[in-house]
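Letters A, B and C mark the chains in the order given here, with residues in each chain numbered from 1 onward.
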Amino acid sequence: MVGIITYGVYIPRFRIKVEEIARVWGANPDDIRGGLGVLSKSVPDLDEDTATIAVEAARNSLRRRAIDPVDIGAVYVGSESHPYAVKPTACTVGEAIGATPTMTAADYEFACKAGTAAIQTCMGLVASDMVKYGLAIGSDVAQGAPSDALEYTAAAGGAAYILGKSDPIAEIHKTCSFTTDTPDFWRREGQSYPRHGGRFTGDPGYFRHIEGSVRLLFNETGKNPKDYTYAVFHQPNAKFPQRIAKMLGFSQDQIKPGLVVPRLGNTYSGSSMIGLAATLDCAKAGDRIFVASFGSGAGSDAFDIEVTDAIESGDFRRDAAPSVEKLLENPIYVDYAQYARHKGKIVMQK
Amino acid sequence: MSSVARFWRKIPQRYNLIGTRCSTCGRHFFPPRTFCPDCRRAGKIVDHKFAGTGTVVTYTVIRTASEQFEQMTPYVLAIVQLDEGPRFTAQLVCTPEEVTFGMRVRPVFRRIAADGESGVIHYGTKFVPAD
Amino acid sequence: MRDVAVIGVGCTTFGEKWNTSFRDLFVQAGALALEDAGIQGEALGAMYVGNMSAGRFIEQEHIGALIADYAGLATTHIPSTRVEAACASGGLSFRQAFISVASGIEDIVVAAGVEKMTDVASGASVEALAGAADREWEGFVGATFPGLYAMIANDYMNRYPLTREQLAQVAVKNHYNGARNPIAQFQQEITLETVLRSTLVADPLRLFDCSPITDGAAAVVLAPLEMAKKFTDTPVKILASSQASDTIALHDRRDISTLDASVAAGRRAFSMSGLSPKDIDLVEVHDCFTIAEICAIEDLGFCKKGEAGRLTGEGVTALHGDLPVNTSGGLKACGHPVGATGIKQVCEVVMQLRGEAGKRQIDGARIGMTHNVGGTGATVAVHILGV
């Protein structure tokens, strides 16, 4: 049975508070905080980008379990902020973990659900015995245009999952996807910042597609919300996942461990993957986890996951890498000017 | 414009701290040497992957940098001694106030510099205080 | 092996010389040196030119030929050689010239040094100078030249008693001397405050701990001692010439605060001349940064490790102290046109020994020493001269 062999997360140390961004644009901080349910978001260091975050997350996953990197036969990195438009982040990651040259690799883009698409691909390669292990990463240094609503939540972070068949800590029983051509969130080639459809991103976007993938998965598995210990949804803010949980019949307690957005912000391709990691950080053998990602208006990948005994075995050392909670501790707060410098938002003379 | 080949050739060193060891006398080298200064032609050189943990020997805070690093100042530069013995120069990711002589450090993967706006990005290893 | 003497010296003024090109600089210095020696260019048997980086500064290589040509000596087809060892290019040029005369292969030889640094923006200058260090393993990770010496300073101050004021005093003293040297880039005296309040460049080094970017050239004429009396009443004999190398990267040194190449070159020079530090009346050391002067005084054997700060603070190394160091103003105040510095140091010692140093004259000076360093200590050239 294909499943998660090990996982790792990386979140940069810097944060900016929602009220600080509101201060600069003359918005009411209480309204923003209340409306989004987000207090702060992570900010990359001057020398961090999607590739460095992906490498740290991958290295963290390898710290938890003794895998020979040479056996990783595939590396896929999903992001909407790859450092190069042409030259894959996956190759840099492969080199930095010692998996090259005997591997296949590519970069994925599907806004916030590129990482879960990578998980699905690795599942297929592993299940068909084409590779022994596949590495799927969702990593972003998300961009939000100055003064746009997205600026309050666009954050930096990434999660890495190694998929395989030998003794997974969590089995992925099934995955289903719901995909259409719906333009709720896009960025044209050459543009610095993404654009979005405003309120259109709600019902026709997020809610329709997640509901779509969830219903498909429930139909295929015959399961319902009560069968799950935990659920993780894509988290552009705190309100959407709380609302979809209610709509679908999940409780707020079920989504609690995986709801990382209030302090972290929306790490785009990292969003549901970091939420899943936070859940795995406290999960026990036998727990059942439901995951539904969402990206670009247009797609949602749902997963039915069951934690195994291996998570408590000696082979997997959860404490060998920092938990999501640990990575969220001791943040370094910056003001808007420092934030703009870190995110490259200040126009420099070329 | 920096050399594509020159950077590429050193990727194993910059990303993964792959150095060398003289199996004749046991001395470790990072950056790698293909010729042991002690054993000279009698030395048999093999690859060695360093764990990356080490100690700060000396340091400074760079406030005026060359063009490539201008946007990063102020940054901490140090000579780090790896546990296996060799010393080399690297940036530390920490505030100037945090550095002390003899501080323990561990490696992290960071962006070192880029060849302008359209050239290759140089990734490599920096160090953070090890708790 | 025969004895060699310096029979003529010449230096341009040092500074930001917008109207003077690289070729002009050399020609000026060369002409002054030949004038001083009282010889014609046709008498020259060979030329050695120290230059670190004309390729990066003015996109010109093949300096030996260029210099010979513009010195009007292409017609004599004079052998002309460029010598490079970063900031020690001048010192090595002098040594090569010495060897060619001492060996009997040449008779009258010019040893020169020249650097034109201001034709590029200061950022590009800093980049070019970084080539003196290890480009692959120091420059690549963001080490700057001041940064490397700053790490030496921090290591030194962590282990030996050197106060920030004593370190700053090196610059104050050198500016005092420079104000008495007509060719020096900086003609103003400064105070401790000036140094301690100047901008931090790489902690703990501040702007006034660092030598400047300078244009300049210097040249000297060498001849066999037995022939020298034909040209001058005051030939200055070269008593010792030595050179040493060490690892290029600071992190590979045996001891970060000791330039072993200085120690080796110093010992070799004393051994060759049969002299010891107490015989030296004045010394020009390589103060690219204030800390470099502190280390140099100790590395050459003038005092024990850890004592140079105290000596500086007590005025022992001041102009009229027991051991005047850098009467020319050093690199700090006289300026540091990289390839020229090693030759300028020789010019200063020669003028002092001849009694021609004007307001900075050390009375009764008979034996002087020069110390020229490349990079953070990967090359060192030491010379001793005497009358």
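In this section, a contact is a pair of C-beta atoms (placed from the backbone, for glycine too) under 8 Å apart; a residue touches a chain by one contact, two chains touch by 3 or more.
Treat the numbers as computed from the prediction; the structure is a model and nothing was measured.
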Chains touching both subunit A and subunit B, listed by label: none
Centre-most chain, if every chain is reduced to its averaged C-alpha atoms: B
Computed distance of Cα centres, subunit C from subunit B, in Å: 32
Rounded Å distance, subunit A centre to subunit C centre (Cα mean): 59
Interface hub residues of subunit A, defined as touching at least two other chains: none
Where subunit B touches two or more other chains at once, by residue number: 72, 112
Residues on subunit A engaged by subunit B in the complex (per definition of touch): 45-49, 51-52, 55-56, 59, 83-84, 92, 95-96, 98, 348, 350
Subunit C residues touching subunit B - in the complex, by the definition given at the top: 123-124, 126-127, 130, 134, 136-144, 146-147, 150-155, 158, 199-205, 249-252, 256
Subunit B - residues contacting subunit C, complex: 6, 10, 14, 31, 57-70, 72, 75, 77-79, 87-91, 96, 101, 112-113, 122, 124
In the complex with subunit A, residue positions of subunit B that touch it: 11, 15-16, 71-72, 93, 108-112, 117, 121, 123, 126
